[in-house]
């Protein structure tokens, strides 16, 4: 009797694991299935490099890929130094109570809803950028990247701090015993040891930036042309999905968002496997 | 001498970065409260309807956020209800049953799922609804049910991971205690391992709740609309706080509606902060409650 | 020796992560006696104990060959036979670990825990059993007034006796102890040694210990491990 119970439980656990993990596969299958007619007709590669010109029958997502790339890269440029500095503060530079408080605060910041960043961005930053550069509406690559950069900084900082925390205590004690100051300990012991872990943090933050929808949708202006400068509007892959969703189900416009979906999916997969590979390499070294 | 400069520069740079981040975020929050504090009162939520009447569903609220708050609430409850059983069972399987090879494959799949942009999951939910609409019933379209299922996909990895990590973090000697006393594997899991992991699992669930409450991308594709009143059934469209904020930012007609947008942002912010603080508080010491039923 | 044999171990080899821990161990243990297992650390004494109640099966990457037979309920049984239930085996071959490991619950619930695992629901019977086990472990007088306190509030020595009482509550035939006194002070050690001597006529005790004094004080037989096998 007991044996049967054990077996039923094990099967139940196994089944729910299989069901949950099949979601990941099902999403890709669905994207490919729905997007297939257009991808066949135009060619997947062609979709990636052609412009978006519905009236000429071209539904390429090249401008969105460039838009996503620009905004994400710029947001990393904003977020990386900020995160580096903040994680330094938390790791050694700030006195203990300050560093503890700062860490709590930054943890709390990761919980601020995305839509609020977008909302405040529209009413606070957009008019300011418009005045400052006296060009366009203020909805542009720069605005989106600035807000996105602030948004991913807490996440990146926490990743950095985690990789600092993983350094064996004995290394730090050794450095302290040799008379290293807090800054010296950071620069010559912690940083070199944590490099790989920090790379992971940057990659994961990039994944977040690429995957974010609301900030770009609300702040980047959503033009379908390839942006010529950071002050021009652009559209990201994610925003494209959100904007085109209302089109007719059978139309090529609608089909094209599944190409965006596939690109985002493959990118996520790449990020995941890169991070897994790096942490695996790090784990083996220890 | 050169290293000295580098060290001093590092210190200045770190404090500067901290200052910039803090001022950025306090600007963001400060602006929100400065502009929105005036809208914070009961009529923000209930409009002209008496609150009690609205809560008892006796009168409809037209001017207030009540339908959006109620929509978000129902949405979160449903999504979490789908995600908890699967998430915990899967976490248990990964930590206690899976062999190394199976575990590696499943781990990779869940890592991909947890990194998935929410708009992709929303798109999946949307196309799934379209699929059902075409092949099964005209009545099914983007709706509360589809949204909650898609959201549960989004937060499933949180619950799986926290369950798994909590179980795997239990030291070997505790793992063996009950087994040495003749416990079966299942008894060991439910009588010793799970009770010790409750706080970890709970904090995962609360983070998942926060994620459900704030996510906009999934619901804007799967059935959230600007005005639907209170959610009536699983198959109806609904209003939600984050979608309302997004909608107002692009479509507001007058300054009164805009004020409502500020108010909604503050309400959502408080909600998420509260859940977040609870999750951190709970991580310590909750496991005691489980054993101390008198 | 005239005593009856309780445990027969034949050709036992054990490896962990492809590293041999035990090689070709052959040994018998006498009934109703205390046998001390000694030897330098890392030669597989603790592992050996785990092969007797099959607890090693919960370790990852471990492998074992050979046979273990224990006389249970009057007849010799191969503990690795497919018909042998692991949980039944562990109820008859109890184990106490090096560090006291009370579960985070009250003293009463800790002792009653194995009964609960076995599906016992009768409260009166359980209360009786709890008292009996605590008396056997010489702990009853110290804790009878606070059975509902958290077990972790006890002192180290008391905690270890609690664990022994918990192991005794199902009335096992064999008691395995893995350095049960190594984390305790002198007084507690003396109390536990006395307790073990008193238990000898009810069950068979195997004790891993590093302290030669302790070994000579309480054991009837000494088995020395070295080089991954038994040398005497």
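Going by the order they are written in, the chains are A, B and C; count residues from 1 in each one.
Criterion: contacts are C-beta pairs under 8 Å (C-beta built on N, C-alpha and C of every residue); 3 or more make two chains touch, one makes a residue touch a chain.
In this text, all values refer to a predicted model and were calculated from it rather than measured experimentally.
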Steps in the shortest chain-to-chain touch route ending at chain B and beginning at chain A: 1
Greatest separation from chain A - chain, by CA centre: C
Chain whose Cα centroid lies nearest the overall Cα centroid: B
Intercentroid distance (Cα basis), chain B paired with chain A, Å: 18
Centre-of-Cα separation between chain C and chain B, whole angstrom: 47
Whole-Å gap between the CA centroids of chain A and chain C: 53
Residues of chain A whose C-beta touches two or more other chains: 2
For chain B, residues that touch 2 or more chains besides their own: 184
Residue list for chain C, restricted to those that touch at least two other chains: 87
Footprint of chain B on chain C - complex, ascending: 53, 55, 58-59, 87-88, 90-91, 94-95, 97, 99, 101, 103-106, 109, 113-114, 116-118, 166-167, 170
In the complex with chain B, residue positions of chain A that touch it: 2, 5-6, 9-10, 12-14, 16-17, 19-21, 23-27, 30-31, 34, 81-86, 88-89, 93-94, 102, 104-109, 111-120, 122-124, 150, 153-154, 157, 181, 183-184, 186-187, 204, 207, 210-214, 218, 238, 241-242, 245, 249, 257-258, 261, 264-265, 268-269, 271-273, 275-276
Of all residues in chain B, those that touch chain A in their complex: 6-7, 10-11, 13-18, 20-22, 24-25, 27-28, 31-32, 35, 85-87, 89-90, 92-94, 96-98, 105-106, 108-113, 115-124, 126-128, 130, 153, 156, 160, 184-186, 210, 213-214, 216-217, 220-221, 242, 245-246, 248-250, 261, 265, 268-269, 272-273, 275-277, 280
Contact footprint of chain C on chain B as seen in their complex: 172-184, 187, 191-192, 195-196, 287-288, 291
